[in-house]
Amino acid sequence: MPSPDDRLRALGIELPDPLSPVATYRMAKRHGDMLYLSGHVCFALDGSGVIAGKVGDDLSDEEGYQAARLTTIHLLATLRGELGSLDAVAAVLKVFAMVNVAPGFTGIPKIADGCTDLLVDVFGDDAGKPARAAVGMAELPLGAAVEIDLVAAVRP
Amino acid sequence: MPSPDDRLRALGIELPDPLSPVATYRMAKRHGDMLYLSGHVCFALDGSGVIAGKVGDDLSDEEGYQAARLTTIHLLATLRGELGSLDAVAAVLKVFAMVNVAPGFTGIPKIADGCTDLLVDVFGDDAGKPARAAVGMAELPLGAAVEIDLVAAVRP
Amino acid sequence: MPSPDDRLRALGIELPDPLSPVATYRMAKRHGDMLYLSGHVCFALDGSGVIAGKVGDDLSDEEGYQAARLTTIHLLATLRGELGSLDAVAAVLKVFAMVNVAPGFTGIPKIADGCTDLLVDVFGDDAGKPARAAVGMAELPLGAAVEIDLVAAVRP
């Protein structure tokens, strides 16, 4: 079975450096075999800042999906940074996908799939497909289009 | 002491088939003795679709309460589907009740009681009364009036 | 190293009695060495009720920060009430800071620092600085300006 790193390579994804906190928190905190990741937002990989705006108005559905996928690339970078290798991820347990929405935008599950489709691609269906909640937020930090946190189980 | 199934019968509640995911996630994911449930929404039991709208505008307080109770019936169906029996639920640890609100609607705790009142009725006060957060969301998937997720402890 | 109680004294903070639930839930629920705290809101310490309003409109940034700090004082009171002593807190794992925002207000991380700055002051950087998500909510219970929940690890 290909490793998560093999799968990333096959997808043509090179993980960036892990994001740094913008305030008083850490990007991840471990307790036993559980790892809590902070809410990550969709920073562009070219360093031009956060993808901002409201899905259903400033961003199309496809752009929203891509923002969720981009956010997940940062989550993966944090996982690898914390654990040394994505091989140490036993399972993604729960994802909370928060989408910055224009009034009346309810197509939230398809936007959140930008996250969980990639998790399944990288970790496989068993380990990578999590429980999930997906919701439409009034506002997000920095005006980000998407914020996502997760809880993962870690190999001992 | 009556079992959760006895209590459901006494309440006249017959659990429906567990909901299926509408996108890339699973309805529940287990890790050790913890079970994470995805955000569930208030699908009508007659198959007519989701109870949609904003509490405080499209839905009255009582209709919002009933939507939270209905959502919880689906959460119970998922718990039974995953565990084989509600007897396997050791405790409901944390509930996150997300209410789709009209601007200015702040009576959120009473709406969320539609969930936790039923959990207490089914599992008793000790096991069934959880820690809880209840909030007012800008939008929810499919326009649902209520979305709820939870974390439960499972008997070994 | 000063104890959390020493640190509170040095900060001039006297913890109030723990808040009581306003509906069907408990303020905290323990499972093994994990303690889930309910969403707490910013009740004034003088008993005059909740600090209500939207940050970015009714409340300034500084007032929002103070509302998050006040909410955290209640979280600390619940932790001490549940555990007997703040010494029993091994670590704060995850904080979810929900800010009641005016449209367009995106300075959410600095408001949420009203919580995590105090946690670091009380428990130190290692134990007190958690993973965090911070978001802007459409509405909160009672119109509160801030609601925060957390998960803590408890000493055996």
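Remarks
The letters A, B and C name the chains in turn, as written, and every chain counts its residues from 1.
The definition used in the following text is that a contact is a pair of C-beta atoms (placed from the backbone, for glycine too) under 8 Å apart; a residue touches a chain by one contact, two chains touch by 3 or more.
Since the structure is predicted, the reported quantities are computational estimates derived from the model, not experimental observations.
Superposition on CA atoms relates subunit B and subunit C by a rotation of 120 degrees, given as a multiple of 5. Counting the residue numbers used at the interface between subunit A and subunit C, under half appear in both copies, so the two copies meet with largely different residues. With each centre defined as the average position of its C-alpha atoms, the distance from subunit A to subunit C rounds to 25 Å. Within subunit A, contacts with two or more other chains are made by residues 137-138. The part of subunit C that touches subunit A in the complex is made up of residues 34, 91, 93-95, 101, 103-110, 112-113, 116-117, 120, 129-138, 151, 153.
Residue ranges on subunit A touching subunit C, taken from their complex, read 22-29, 31, 36-39, 96, 98, 137-143, 147, 149.
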